[in-house]
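Going in written order, the chains are labelled A, B, C and D, and every chain counts its residues from 1.
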């Protein structure tokens, strides 16, 4: 891919369309190596995990890298008020006004709350944040979030941690068709083929955490996701042929032996 | 991937698990560039397309490359007898005893004939060929072909040229589970995500032709397939986590702000 | 099915779990015959279609039947305020406090607005309505609607009119698992097999309109949906066997001839 | 459905398009009641199960019913020779020249052998049998079987006993498109929605055994399958509307309140 195919969110430009996370790794060292292997430039982190004032904090220091930006998320909050408070804490602690809004009141399936998310995003935009909401693959909600000023939308592909892939495909396609902000598919992407698929349908990026962190070899898997994301992006920009219902031979069908 | 993860078929060793074909390209030049971009080491060719005795044959000369082996296929034949004859002609013309057996009497869907294919393979093995049959994703047929001595099986993922991906998934998984010879998924693979998927389930290689040849940018797409195949292979060898029916948070769910 | 397996919504009891609609039929006569063939007891109607004060209104009179209740919907409104107003008009005109809340600001895909729908439902419950919201298959939204007092939830299976079936399956299963009010799958059900599938996973009812109205034989198709809904409900209550990944013979595998 | 929509196989006419089997039931009594509830007119039976000369044989006597024909199957045989022998034994024992050919050498997945099946069918047709082969969903094999004179083809939907439904959909559609003999989908049908789906795509009948026999309530489930098959058949003959990629409102979208 040429340099031209970069992703812009707010005032930043990303060469990598693979965003990652920091949860569930067996150690900070494995996490660090996997993230470096992924070549991800944006890494989401739950505020609780870092203690930024503490220079010894291993996880935090392991992510100090000029090519990597941290994206604090509000995981653990249950409503808009808590999300706004968490974002403000994160801004102070991590010196970034970027925030991934995650509001999931349900502890079993961890699905996001559409109403509280919209409310939180509206307020956070007013407070000067670069707001990236994790949401259900709801096309109308995506448009409403866009209207209140979020910098991207992050619809889910399947329940978080399920590794089931693009179960919301029909709705992701509508979201991508309608969106004026980048669409980043978050949750459910469990294999490189899922990540490639997301890019092939025109997603601007994907966020992958569980599938890398809990694999038997996170560093190798991280690299596989990187390659798959790039492959899927090329397929999208270079325009693959569509599916057909009838066969088309790639070899000639004339009876070549008897002509 | 380390050098150790190579694919062996008969007496050859392949570093690339992406096989390609020569049909449907807009020109020999585009074909040559796309095949080089794919890094494919085995390229199938319909006997009719080459006139090997003719030094001016553009397609044939464009594929002369020390890293690329030609795999003649019997496309166009309707039964075992024709297939055996075509294989013998190809052996003489191209100086190779490798042959991809394709017997599809049906001109509409181009699906392979199981009975004639088994018969042709049995005879070709006896005649000293390295036999690679293109077949339906029929697990019993795959075992029978293995018993008569084919060097690999090439079950289809979907009707040829349909670009629909692994429509035969449930049967491919059985074939891979049972096979003692390499399983190469041939036909139906229409996007890098399909190719990655094939490798993730444990296929030994894939053959892609139409999806590269008829895209708007065959060279870029060929490279995307190469990357996707490698990504899927890494996912398989490094053991991805399985799908889950319940969510699993990657971020901690404790109410971190209020502890 | 015994009489015991009835569906209760608010103060009514339904023997039929197939709800229908009145849109897109070629004539009022065909509509009437199809609805009778469906044995549906609850039929949704856009307020615009009926002019209840006008005794000549053909569509309205054709639905006057002691076994059929009309369910006015708010189709065409764009926000909560319009929905509440429409519901009040419908209550006066049709002498029913039941209302199906449909708020879809998007004229292309007709997908529902989660935020305005929640707001409208909250107010309509306070105003004494029996509220039935048409919504995205969003499990968190369903719980929030339940909390404000709706009498059922009506998540979509696929974009309205698409006839694609249960594209939201993974989320419908979560909704059904968590819900304390009836779950009625609305939109996307395009064939009897889709309707049966919805019932098999435990939906309490389905709403089918387009697939009946635009078929070549609405009366026959309506009856087919009725049978499929009953079949799916029996499968659910009588507990089908689950899917298995390995084969299980239904016939004995001993070599019976040679024992 | 009118009387006209009947299924003809050889010299018989069937009103029911649901064929059943006798395996896996908890008792002969449950089996008998379930088969009666299914209204099936053709019931397959493994030769081993019946001892026709023994008047006390409970299973056999329970199926003596003027509306029910027995269809002996060759389950347990491993090749064509055994199949022909088993068919001849069955003809003598059960006084029927109908036979369902099942040749599955693989004891794990029970998938059929295409080559031995074709060989057995060819010989059995010559011996005067009405031959109904159970096969993989292989369109070319189906045509070859038709050419040797089978009276129908019975492609599988999914591995037997898996209850996974129409996993071979893309190939079943081709088979149905091309076939001049009835197409009966056998194996894999695990729920009424699967059976309805099979009929909707134009299958002539389905064979269901496991899903009925191992359910918690075989009699109720048998009736549910009967209804689903009829519903799916009506959908096929009355021509359902196709799937669409864009929404189509069933209600008018004008802002009716403000006109």
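As a convention for this text, contacts are C-beta pairs under 8 Å (C-beta built on N, C-alpha and C of every residue); 3 or more make two chains touch, one makes a residue touch a chain.
Bear in mind that the values here come from a model prediction, so they are computed numbers and not experimental data.
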Residue numbers at the chain A-chain B contact, same meaning over half shared and different meaning under half, come out as same
Farthest chain from chain B by C-alpha centroid distance is chain C
Between chain A and chain D the C-alpha superposition rotation, given in steps of 5 degrees, amounts to 180
Whole-angstrom distance, CA centroid of chain A to CA centroid of chain D, is 46
Per the C-alpha means, the centres of chain C and chain D lie apart by a whole-Å value of 32
Rounded to the nearest Å, the gap separating the Cα centres of chain A and chain C is 34
Residue numbers in chain D touching two or more further chains are 109, 111, 159, 162, 164
Among line, ring, star, complete and other, the chain touch graph is ring
Contacting chain pairs, sorted by label, are A-B, A-C, B-D, C-D
Per the touch rule, the chain D residues reaching chain C in their complex are 21, 23-24, 46-49, 73, 75-78, 82, 85-86, 89, 102, 107-111, 159-164, 190-194, 196-197, 200, 209-211, 213-217, 220-221, 223-228, 230-232, 234-235, 237-257
Listed in rising order, chain D residues that touch chain B in their complex are 104-106, 109, 111-115, 118, 136, 138-141, 143-144, 158-159, 162, 164, 167-171, 174, 178
